[in-house]
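These are the structures, in structure tokens.
First subunit A sits with subunit B, and in the next complex the same chain sits with subunit C.
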Partner chain A sequence: MSSGSYEQNPIKAFASEVWGSVFRHGLPTTDKVAARTALTNFFLHIHPVRVKKSAIRVSYTLCLGGLSFFLFIALTISGLFLMFYYIPSVGQAYQSIKDIQYVATFGLVMRNIHRWAAHAMVITVWLHMARVFYQGAYKPPRQFNWVIGTALLLITLLLSFTGYLLPWDQLAVWAITVGTNLGKYGPIVGPVSRYIMLGGRNVGQSALTRFYVLHVIALPLIGFVLMVIHFWRVRKDGFTGGL
Partner chain B sequence: MAQEASSVRNARRAGMITTRGHTVRTGPELSSTPMVVRSREEEETVVTFPHLVWKEFLAGLAMMVFLLAVSVQINAPLLQPANTAVTPNPAKAPWYFLGLQELLERFPPVMAGVIFPGMVLVGMVLVPYLDRNPSRRPEDRKLAIGLFTVYVTMAVAFVIIGTVFRGPNFSWYWGQVLGHPGLNSKV
Partner chain C sequence: MSVNPYETKENKLHWLAEVTRRQFIAIIGTLVSLGALLFGGFESLKFLFPNSTSDPPLRFIVPIDPTSVTVDNPYMDYQHRVGIIRDDGGFYCVQLVCTHLGCTPNYYSNCVTNTPVLPATAESHGERTPAERIPNGWICPCHGSRYFIDSTNFYGPAPRPMDWVNIEFTPDKKQFIVDRSNIVVYRNPGQVTPPLWRIDPTTGVWNGKVL
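Right after this comes the complex of A and B.
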């Protein structure tokens, strides 16, 4: 990085100093540099420095865990954008979605990305679970990471479910009405849990407020923390690798 | 040491050791022995950066392109404003809960709403503790794979049935595949 020729040009020298202070190592020319790059970069150090060749074959993970995480990031970013416009009130929610679609620049495509990524994430997380099962990757020492995984599947479903209500159109309100009715058959807990979920007996403003808060703050936060633990354990337990 | 490693390798090739001896340490011995997470000489490794990072980047890029392509072509649904006085028929839960709705259609509520889903949920969480079989090879896991495949098949079938074959009053309906005009609308 600090080659002598830069010293003649103060701007280049400064740029090189700044670059060098951010990225301590260059592109991987040798395994040693590659190892240091991975170790010293915050975003890369989630990985071990070396991985088993068989574990990173695309045919082994099918990228499904990674894609689930990627979709989570895409949802966070597009969701942030939607939050600039969306108003969680029974009277204004529907109109604010219309505004997102027809007034906000790129609003329509942002809403579409958010919606389709949400569906896709339910699918990729579920398929990821299936691949982990079929490969027996939950066996010791990874038992507990499977348990964290099931919590993540639940969080993913709840995120999708709470988001479903927010547009406050016929599809949203009735799907949530039917969905929450499904939960009310448990003895005692059933009706109570429905009441707690909706903040009342019907899908109204208090349900919208609760779903909104869960959807934009509580569930993403819990999900993120669980994902961090999940990844940490994938690393610490060692990746299962090919059969 | 080297001899030991190669004998492990040979044993595995011969199909005698089906779990990886070097990574699997369970039970009380965990606390007393240093844990061997990875052992170098056992399996070929590559540096994460760039090998794995490159694959992750490509997978992310492909997903991004796919999402954008879909989102430019197909709009997310937005129906009429909510109206609690007008119940659409059929009224369906989101697709991933259609399995539950399907069960409720077929079984008494306590079974469909509490016992079955409860069993699936608890069973799912306990999978690693119920399955005592140490082998990861498919031919040693016929029961586990069979049971899970039943679950997968039913889950997928119920979602397809609920989405495509359930019409007014959530009763069986061929109209969506056979194209019966006028009955498909959701209000």
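Right after this comes the complex of A and C.
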């Protein structure tokens, strides 16, 4: 990038300026540049600058946390697509789901991605927790991340629960009837929790509205914030694998 | 240091006297903020409790002619979640809410084949063999609980019989009025004897029996 080339070709100069404003460093040719790149790039800084070989052994984490996060991203994107067609009203919800499947281009794919990723995420989050438990990765100094983790598990399960109602088919309505009735048996806040979840005494329009809002806004947002803290702490507390 | 009003070290409030002006304001500020947050949060929670709901009314008319409901032909209103049953004693109305976790059981003219019956229930129903048993009743689609036509549970996870709710004739005696907010027969687990509560098939007058 000699100053001469600026004067010679303004388009090239502009392009290199734009490039340079986004990527502060060139391709990581040396260890030093690689380190600086990782440090200054938002997306790369999730990883430490130096990683021990022992820490990236797949058999150690089985990538379960990473898989959970990947599935969360997949769910967010596919869910966004579904939102363009889905109508959260008791009269139209089921029909709009059918529209997604049979009318919208690639709608069936989107719905299936969302559905399967949702099942998969519940599984990977549980397994991730089991992995952390069996390796004693919850011990100090990582206790706090264990607590954040349990909150993430809860969020994952609640996302699964609230999403289940949205198709408004027989399975959905009765599963939520059963689920919220189970909640009723909880101590002290049990009966109140059902009323507040359903916004009434039956699984009806207000329940659908509430579950929809929780499913597409509240829970993903809380989950995202918790994940950011979770990852930050993984970096700060160090990694049991030696990261 | 300024003069310490709490001279002795033993004085419990000694630490208070040591608090600087800044610390004092910080403490009070924190407490007030926390209090405001708690109060505000608690009050905001009220927003989530609907002051009115869109639940369907619990008292409603079932628009069928009482004479069309016969011993062999009970009437199921799945929308309102009630079943109107006629037997030798008269009419009664079962609220179709499974006592397990609240699904709507479906009516079957035969719900007893190949199904074991809980011992206590079998006894109160005269220890009849499945073949002799009055076969009609309900099966819950959610976890398979089964109920005899008197709403006694005899199989599956349901802990107790379904409730009976109040039923009467409209003044012209051409339709039924059902009131699900008025439970007339409530039976606990194990209370399996068939209740005697009925309304007269012609006059619609309650026979005065509570169970």
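Methods note: the second predicted complex is superposed on the first by the 222 of 243 C-alpha atoms of A that agree within 3 Å, B and C clash if a C-alpha of one lies under 4 Å from a C-alpha of the other, contacts with A are read in each partner's own complex, and residues count from 1 in each chain.
Methods note: a residue touches a chain if its C-beta (ideal position, glycine included) is under 8 Å from a C-beta of that chain, and two chains touch if they have at least 3 such contacts.
Quick caveat: nothing in here was measured; it's all calculated off a predicted structure.
Applying the stated contact rule after C-alpha superposition, one finds that A:A74 touches subunit B and leaves subunit C untouched. More residues of subunit A lie in touch with B than with the remaining chain of the pair subunit B and subunit C. In the overlay built on the shared chain, the residue A:N202 is in contact with subunit B and with subunit C. With both structures placed on the common chain, the touch criterion links A:W174 to subunit B and to subunit C. Once the two complexes are laid over each other on the shared chain, residue contacts for A:L182 go to subunit B and to subunit C alike. By the touch criterion defined above, A:Q92 lies against neither subunit B nor subunit C after alignment on the C-alpha atoms of chain A. Looking at subunit A, you'll find residues 170, 174, 177-178, 182, 202 touch subunit B in one structure and subunit C in the other. Put simply, subunit C touches subunit A in their complex at residues 48-50, 53-56, 101-103, 141-142. Contact residues of subunit A toward subunit B in the complex are 28, 31, 34-35, 37-38, 41, 44, 47-54, 56, 58, 63, 66-67, 70-71, 74, 90, 94, 97-98, 101, 108-109, 111-117, 119-120, 122, 130, 133-144, 146-147, 150, 157, 160-161, 164, 167-175, 177-179, 182-187, 190, 202-203, 236-238, 240-241, 243. For subunit A in complex with subunit C, the residues that touch the partner chain are 170, 174, 177-178, 181-182, 195-196, 199-202, 204-206. On subunit B, the positions that touch subunit A within their shared complex are 19-20, 23-26, 37-38, 43-53, 55-56, 59-60, 63-64, 67-68, 70-72, 74-84, 86-88, 91-97, 100-101, 104, 109-110, 112-114, 121, 124-125, 127-129, 131, 134-138, 141, 144-145, 148, 152, 186-187.
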